[in-house]
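Heads up: the structure comes next, in structure tokens.
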Amino acid sequence: MQKRNRVTLLITSPEKLGMISTVTNLLLDHKANIVHLDQHTTDPQDGIIFMRVEFEAVDTELQKLEEDLHVLSREHALDFQLSSQEKRKRMAIFVSKSDHCLLELIWRWKSNEIPVDIPLVISNHDDLREVAESHGIPYYHIPLSKERKDEAEQKALELLKGKVDFIVLARYMQILSPNFISKFPNQIINIHHSFLPAFVGANPYVRAFNRGVKLIGATAHYVTNDLDEGPIIEQDVQRINHRYSADGLKIAGRHVEKRVLAEAVSLHAEDKVLVHGNKTIVFK
Amino acid sequence: MQKRNRVTLLITSPEKLGMISTVTNLLLDHKANIVHLDQHTTDPQDGIIFMRVEFEAVDTELQKLEEDLHVLSREHALDFQLSSQEKRKRMAIFVSKSDHCLLELIWRWKSNEIPVDIPLVISNHDDLREVAESHGIPYYHIPLSKERKDEAEQKALELLKGKVDFIVLARYMQILSPNFISKFPNQIINIHHSFLPAFVGANPYVRAFNRGVKLIGATAHYVTNDLDEGPIIEQDVQRINHRYSADGLKIAGRHVEKRVLAEAVSLHAEDKVLVHGNKTIVFK
Amino acid sequence: MQKRNRVTLLITSPEKLGMISTVTNLLLDHKANIVHLDQHTTDPQDGIIFMRVEFEAVDTELQKLEEDLHVLSREHALDFQLSSQEKRKRMAIFVSKSDHCLLELIWRWKSNEIPVDIPLVISNHDDLREVAESHGIPYYHIPLSKERKDEAEQKALELLKGKVDFIVLARYMQILSPNFISKFPNQIINIHHSFLPAFVGANPYVRAFNRGVKLIGATAHYVTNDLDEGPIIEQDVQRINHRYSADGLKIAGRHVEKRVLAEAVSLHAEDKVLVHGNKTIVFK
Amino acid sequence: MQKRNRVTLLITSPEKLGMISTVTNLLLDHKANIVHLDQHTTDPQDGIIFMRVEFEAVDTELQKLEEDLHVLSREHALDFQLSSQEKRKRMAIFVSKSDHCLLELIWRWKSNEIPVDIPLVISNHDDLREVAESHGIPYYHIPLSKERKDEAEQKALELLKGKVDFIVLARYMQILSPNFISKFPNQIINIHHSFLPAFVGANPYVRAFNRGVKLIGATAHYVTNDLDEGPIIEQDVQRINHRYSADGLKIAGRHVEKRVLAEAVSLHAEDKVLVHGNKTIVFK
């Protein structure tokens, strides 16, 4: 039996008549057997085309396909990303003291739900060392002080260098610098609480409690320089009532946070998210 | 067979040892047969007690019970509200041009889901006259101009006087004056769109579309002088994706709006909502 | 400005390398500008390919495209369906006495959410005549008796002949004969309550109440000869609690029924549902 | 400052005028400061009264209160249960090979979300030993064979004797005997998948996949001699689509299973569930 390799091609291209034919013909030339194809156009006149093609590469020489895609890219000013499932993405996890998101990610990873390698966990605290190490994941504690934040980030960048494809902030309670973010554009995923209505600023759970909200939510997004304002990947809510104390809200918040973050990480790891400006196209 | 009348008693009282005994003993003295009792204390030391008691008044003389409740009220500085289901609440509906909320309310009312009378619909436009009148509800068109807003509100107040117990703003696109609101404290229910995160200001659906949100929601609340900031009665969300246009978001928004508003109106009509400061206790 | 016509092409085909290229090339030859393309393969080796392509037909001659698709169909043993949005689908609604589903469908139709024409409503009762006629929809009352069911169905078929593309059973409480169903294969949509676990047989709401279920649901499906066992189009649930009486469950059931049915009708009307055996592929 | 102890009283009683007064007066006599009271009557004429009272026992002598409750119980043929939060419930967990439910329970327990002690985990396999022991929970492997099932259950009963208050079957893939169940009436919680419609028998996920369901669910219930038919504590669903393989359905099923089971365990541990025949009253 021939070995089958599942490959994902993501394309972002200016709208152009025949673009889908062009891409699928190229794939056919390379003997790619398409399993799923999703395509979306923002505007059929002068919009942007988003495509996700998942194919089986039986006799496909991926390197040659990639070369042809580069030619296509130059010709049509399109962006593409080719990812083979044989080569798992490498994911770093940043944490502080809360373990709920970290544990959910580790569990889904060990259950083969999230197809990644986890080369390391980085934290500004030492609290979660055992959690990581007991699952065989190296843990690096990089203490942070306001004065020497640059230094700490530099240390993290050295640890990450050449080792990871994307970063998950699993309740990492520090703000990353624009310099750090620029090294991983649309490759850093964050989770934060969300409320209807929004409570911007300190102590959102206390303020949500004081307002008597009936739903609490969580939003997973890519990190940009605008704090908590990057492209949204996934969101969900949980129903609560007046019997929840402010602490009870936090607990309910943890449940929805870990679920939404893990879902967003799955979508990213499976190349189901395309970013366009400050929004995402998610093919799920 | 004796006639059975279902009555609801709502109580808001400072925390005090024995308060529930006091109330249930009084009800027993008046031969009230308790069917449901919900009680919540914000803090057992010096908090507030909220109670909702639904009872069957077989041999209960409600007027005498009410007199005794007034005595209790003075003694313990508590607030109470006694509502007999024999006497349906009277609900006015304010609309502008959108019919989705109005139609949902009318349908639930005709299906005996919302136990109210609807003496009138008031609008700043004439568009929905037929909808109201075809269901036998008087419709009053009160045109609005910025200069003569007071006059219009005055007209509305005259129409409402002595005729209604609470008001529902079913996509009524005008801001009520503090004077108007003061006539119906915690008796005006509004519905508005909600997003995670919030988009304050103009064109929220367009901005939610531009941000690529994955959920859109609606919040029903009592109207206070802080626009859209009153006590929340009910909320819900609906999942959307990148295939929704800005118009598609508006359509999805209508569905969740009408559902949430109708649910909030039911809760209010059945005396299941107690307001405390800027939050609600909802016993459902 | 040129007139733009949005057209949808649905394809079900045996798996074959290059099939997507073949289809998109054909569309390109006919100057079809693809806006959305969704494709799914059940198995990349010997499965079935499902495709939905939505395109703008600016200079496309649809009749010629259709001819070429017929050639393709014979060549590759594939099924296709070509639907132009210029030609709205014609939907008949069958009802009995409950109005909630009918009213929701009419409202969404009048709000331009469901792009169909409604040439007639047929009922085995006369109760909902006014609802239909007040919205300008002809209403036909065909009384039913066990003995003369065939005759009644025959009458309905005559009314429908050449006039409708699909039928919605909006709480129509009669079982259609295999003969009737065979005239509208995968073109009759039904809604029925669903519970976790299932309560098969009479009085499901009473039995769900007796079991104390926490969720009630609804399932919209295509009608086949296996009662309530046809391909599922859409499902949803609603949370309930012990305070709901058996009647309260029925009310909650109505809300979820009308929502799920209307959603399924939208999906069908927009050609987003492909049926394969006893299951559906829904591209939403 | 006085030490405050939170105590929960559950009561199931035949309907009787004044019952709530009787109970709350007794509590007042014992200086119990009521924080929450929920009460529900199935029928105000000759139904059953369910009450949950949570109170602060500052100067309350619980033993004396219990004696008085026993008197009350004999007098009115009522059942009661008095649980002090100072004395945490002891929960045994039964597992087979799947770890998702076990891990979720352990995490919520370690996060102080589920107020119990976990004296032991029992399994018919040795696979999850490390998971339990790494969290300091003794793990007992009791191999099972069809011929000697009685013996294995006997062994389990000896391990549990006097040590646990309730049992959670966290994906325990064995059927307990009526004898075993009779030792823990309404004290064994199980989780199982649920579908709309139901798929009774083997391979439900494969059959749900073949039917193309749009929702998969999970039901947590008390174990009775009718397999998977005991009183329902909690249920929830998760939306899926045609892109989920049968394995993908199983993964989605795991997520909803662990969430629903953990929620049901919380409700039970906090004495929020009253069982009546084959249904539950859940005060949440």
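What to note about this one:
So that you can tell them apart, the chains are marked A, B, C and D in the order they are listed, and the count of residues begins at 1 in each.
The rule we apply is simple: a residue touches a chain if its C-beta (ideal position, glycine included) is under 8 Å from a C-beta of that chain, and two chains touch if they have at least 3 such contacts.
Please read all numbers here as calculations on a predicted model, not as lab measurements.
Chains making contact with subunit B as well as with subunit C: A, D.
The minimum number of touch steps linking subunit A to subunit C comes to 1. Look at the CA centroids: the one farthest from the centroid of subunit A belongs to B. Counting C-beta pairs in contact across B-D and across A-B gives the higher total for A-B. Mean C-alpha position of subunit B lies 36 Å from that of subunit D. With each centre defined as the average position of its C-alpha atoms, the distance from subunit A to subunit B rounds to 41 Å.
Multi-chain contact residues of subunit D (touching two or more other chains) are listed as 36, 40, 241, 243.
Remark: subunit B residues 40, 194-198, 210-215, 217, 219, 228-229, 231-232, 234-237, 241-243, 278-282 touch subunit A in the complex.
Per the touch definition, subunit D reaches subunit B in the complex via residues 4, 17-18, 20-21, 24-25, 27-28, 31, 33-41, 44, 56, 239.
In the complex of the two chains, the subunit A residues touching subunit D come out as 36, 99-100, 103, 107, 111, 113, 134, 241, 243, 251, 254-255, 259, 284.
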